[in-house]
Amino acid sequence: MQRVGVFVCHCGSNIAATVDVKRVVEAISNEPGVVHAEDYQYMCSEAGQALIAKAIKEKALTGIVVCSCSPRMHEATFRKAAERAGLNPYMVEIANIREHCSWIHKDIVEATEKAVILARAAIAKVNLNTPLKPGESRVTKRALVIGGGIAGIQTALDIADAGYEVDIVEKTPSIGGRMSQLDKTFPTLDCSACILTPKMVEAAAHEKINIYTYSEVDKVSGFVGDFTVDIRKKARSVDMDKCTGCGVCQEKCPSKKAPSEFNRGLGTRSAIYTPFAQAIPNVPVIDRENCIKFKTGKCGICAKVCQAGAIDYEQKDEIITEKYGAIVVATGFDTIKLDNYDEYAYSQSKDVITSLELERVMNAAGTTKGHLERLSDGKAPKDIVFIQCVGSRCADDRGKSYCSKICCMYTAKHAMLIRDKYPDVNVTVFYIDVRTPGKNFDEFYRRAVEQYGVNYIKGQVGKVIPQPDGSLLVQGVDLLDNKQILKQADMVVLATAIEPDPDVRKIATMLTASIDTNNFLTEAHAKLRPVESPTAGIFLSGVCQGPKDIPETVAQAGAAAVKAIGLLAKDKLLTNPCTAKADELLCNGCSACANVCPYGAISYEVKEVNDHGIREQRRVAVVNSALCQGCGACTVTCPSGAMDLQGFSNLQIISEVDAICQ
Amino acid sequence: MKYSYYPGCTLRTKAKDLDDYARASAKALGFELEEIENWQCCGGVYPLGSDEIATKLSSVRALNEAKEKGQPLVTLCSACHHVIKRVNDDMKNVEDIRTRANNYMQLSEPYMGETEVLHFLEVLRDKVGFDKLKEKVVNPLTGVKIGAYYGCLLLRPGKLLQFDNPENPTIIEDFIRAIGAEPVVYPYRNECCGGYISLKEKDMAKNMCDKIMDSAKGFGADMLITACPLCLYNLNNSTTDKLPVYYFTELLAEALGVKEEGKDQ
Amino acid sequence: MSSEKNCAQQIKEISGADPLKCMKCGKCSASCPSFNEMDIKPHQFVSYVANGDIEALVNSKSLYKCLSCFACLERCPRDVKPAKLIDAARQLVVRQRGKDYLTADEIPELLDEGLPQQLLVSAFRRYRR
Amino acid sequence: MSVENQFKPKIVAFCCNWCSYAGADLAGSSRLTYPADVKIIRVPCSCRVNPMFILRAFEKGADGVIICGCHPGDCHYSTGNYYARRRMTLLFSMLDYIGIENGRTRVEWVSAAEGVKFSQTMNEFVDKIRSLGENVRLGDLRCKK
């Protein structure tokens, strides 16, 4: 039996408003083992922690229970406090009477009753706790960044500048990401390429950064500080060492009809290609699906014209296995498909385009060389209509439930740029709300209205109606005027919702990082740990965590880098001591546990055991506590009950069950 | 292949053509429409209140009869199709309606939405196949530019009817291609013709149909085809220089060379 | 519970729609082919029900201008089902107040040569108890 | 409404630390209510839930037991929830056989972001248990007060 101290927190009024804290103290005072019980306003405060330390010393406590907020919030805090007072930190249990009790129940009698039961369960458990000691594991001083957009580049640069090796894995042939496709950026109207390209060059030139483009993460194993990752370098069909980037192969390639991914399918590219002129690395890739040589066996022109002899049709995918201490996910976003929004005639008219496509139309290096023209006939448009919230803020499964956040601002930017360059063009924006929280953002939007005369109409569009003459009729509503409007337009631009890159689900599964129903990666804490995944050693950078604009992405990229650096700077990590442990006397060496262990942490040794006086050699399971992550799969599989999980033992859990069902 | 067939009241009277040509075409295509016995009017409108049961029973009777024969239930009229498909969805998925309807009906075995409800066009697309249909065409309507008029009832609510993409349907266009003609896609093909409003608000319906006609003509259609007797009636009452409007089954029968058989029935 | 509130509740029940889901984007009114004929517009319908302002609603001529074409229902990003709210309000009128919008006496005058049964049946269903 | 006479079921919820427990925390911080009859036990993973714990709960007078884990494919330990699913399928059919109805046991996947789902699930589950009434099977009479 332990000498248990129970500390009940008021959490201001968060707990005390619905749980009668004094009554809880009173009710548990006579529980088995309890020698001390008290309540306090804020247990997590310095004064609260001092109370705990004082009681540990004065009452010689061997176990403590804190009835407070979720252990996910302050378990670590109270463990440290106990440790400072000389108690083993694993002799601390938390009864979650805030998130699981006071915040969800209204009736004070009912909530108090439940709080008492939760406290009893924790007391029952702590009576069976044993002191545990964390092991140590090494930290590989190298980081992996998945995704080479602005988020990945910034994170990699920051980690590398701190002196650690970084690898970037990018699935397309060049780093740069979505930002490289943008023309100008809000709210300053900087040229996107002008601020991005130097960063791309810096990353490529950095001695600590190694970039794998046209590569994907294939497999991840290990854990924080010691991940092992297989990277698949897809066959580029071009030798990166030999290629000089002269570009002759692309010029001479006879297959020029492949849709250009970089130009969002608005233009074409050759089968051997670099996505854009400033691509890094400046080494082309052969797209085997569109290459005549790969399709028919005939051609081979690129090999003939390549002076460097860099073309290699025989090249195969290559797997590189590397160890990392930290992994940063920066997989970014794409716009949603518009199949469910045919009322906007996107699939029926070439002159209905997405905002990202408009970036490629406005960009001097884009399909129209930066001239604003209709994609159907190349004519200059006179009336352009922008439609906001296409696929965002939807309650049904047609679109996304969230606000995509960036659309209001980029639409103001587009409208402004068009009015600036083509003052004769009328620009109308149909909006539901204009959302501009951000430094200088609302001022920017107001400039679009006041200085550039952009016509903002509050109301949605019901249908875009293509006309026989090729123009478009936009049927919308002006809610402030309570009128339905039919607006003639030459071009319609859809502020299409953004969604996480579809590959992120696959990556999250490999990393065992949590992901939400919208495929955004979940942060460890929504407010206090926004750049960390709940999975230790995994950090989040950019839109993979939630919609954000460039400055926010860069800020988060830096934050993720700092967290990764903080990890890499350590020589050793303390490992979770709540690992599995086999009882040699009960183990019959059947191997069932090893078969279910996802970490290969269980092996078998022949050991001499003393079974009630009988000494014999037996094959028994041994858990490598450095590898064991403490899931407990083996404990349930074990037919003889030899395997148990420290910190969550069979008896501990049963004691909680008993306390609850009492 | 035999299908249970629910003609509906309009096909027995004003829209006899729609029915006759369909039966003749079905025969030519190698399937049979077996009219269910004692069918009653579907009501023309899916019941307006989610709490109504009585108005759904005629559909349930038809559905149950098809179930007993083990056949899918085929309809031609857009309204009947709309009502029966949605009632079937209720019987399949809405526990309250299912229980109350079955309590009232006292069938030997409760009806749980087992019957597959198909529009004749869906039979052509999903069961016969437009490729197969194309092979059976003897008088291709080469060079004829046809606008498909879908209206509302076949398409919406898209999630329940699962007929085609409600904003950009293709089934009738594919049908038009299969009978050798050229489909004309125009934006008003899924806009309402005015529907039942033409009884008391004739001008409103006329305005709607004018828009549809103008749009179809603007895109170069020579004629319109539809599956709905009410759409046909309303479109024929449009005031602008109007295009001829036919039931799709009439052109089908013509393409299959069975138009005369259809007329004789 | 006041009778207006009661009516609003009934409309919600009959329609199975939740007006509180509305984000006031106006897409229903942007889609409505009868918009210009209506005194209370589709998006207003939703807020009238949400606010329990039923008297104006049941006296609105919009009840008889809605085509039930479901364009609003199909396109509503919030799954509010404005068409069903209108159907439900019309039902409320014909069920409770016995105010049929169409009487049998009117019919002969409205008939013409090509008029399909479907039209009469549908109109009866919509306009009468 | 008389509170005294209302049946107050005992319900044990096993929640994995990474997804469901966090989902329950989110339900709490979002103030999404569910009945106080539900008491949560934190386990590292749904695969840590030994069938023995569930039998013990029923023996000690529980009226329902629910196990919550990460969504398939999202397990923090890769495959733990699959083990849990298989084990529980087997166990629940056995329990049903001995008279502990299927409605008294449930496995649900709740992610850390699904506070709404957590509270909905608990409300549904409690309703179900209330409709089933007190569990009379397997209970150790000596445990009854």
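A few notes on this one:
Order as written gives the chain letters A, B, C and D; numbering starts at 1 within each chain.
In this section, contacts are C-beta pairs under 8 Å (C-beta built on N, C-alpha and C of every residue); 3 or more make two chains touch, one makes a residue touch a chain.
Nothing here was measured: the structure is a model prediction, and the numbers come from that model.
With steps allowed only between chains in touch, the distance from chain C over to chain D comes to 2.
Pairwise, the chains sharing the most contacting C-beta pairs are A-D. If you average the CA atoms of chain B and of chain C, the two centres end up 25 Å from each other. With centres defined as mean CA coordinates, chain D is found 29 Å away from chain A.
In whole angstrom, the spacing between the mean C-alpha positions of chain A and chain B is 48.
Centroids built from CA atoms put chain C at 46 Å from chain A. Among the residues of chain B, those in touch with two or more other chains are 167.
Counting only residues that touch two or more partner chains, chain C has 71. Residues of chain A in contact with two or more other chains: 343, 463. Remark: the chains found to touch one another pair up as A-B, A-C, A-D, B-C. Across the complex, chain A meets chain D through its residues 70-73, 96, 98-101, 103-107, 110-111, 113-114, 117-118, 121, 505, 508-509, 512, 514-517, 522, 534-535, 578, 596, 598, 629-633, 635-637, 645, 648, 650, 653-654, 656-658, 660-662. Looking at the complex, you find that chain C touches chain A at residues 21, 23-32, 35-36, 41, 43-44, 71, 75, 77-79. Those residues of chain A that touch chain B in the complex are listed here as 339, 341-343, 345, 347-348, 463, 465-468.
Here chain D touches chain A in the complex through residues 10, 12, 17-19, 21-22, 24-25, 27-29, 31-34, 36, 39-45, 47-53, 56-57, 60-62, 70, 73-80, 83, 87, 111-114, 119, 143, going by the rule given at the top. Those residues of chain A lying in contact with chain C across their complex are 343, 389, 393-396, 398-399, 432, 458-463, 475-477, 479, 482, 484.
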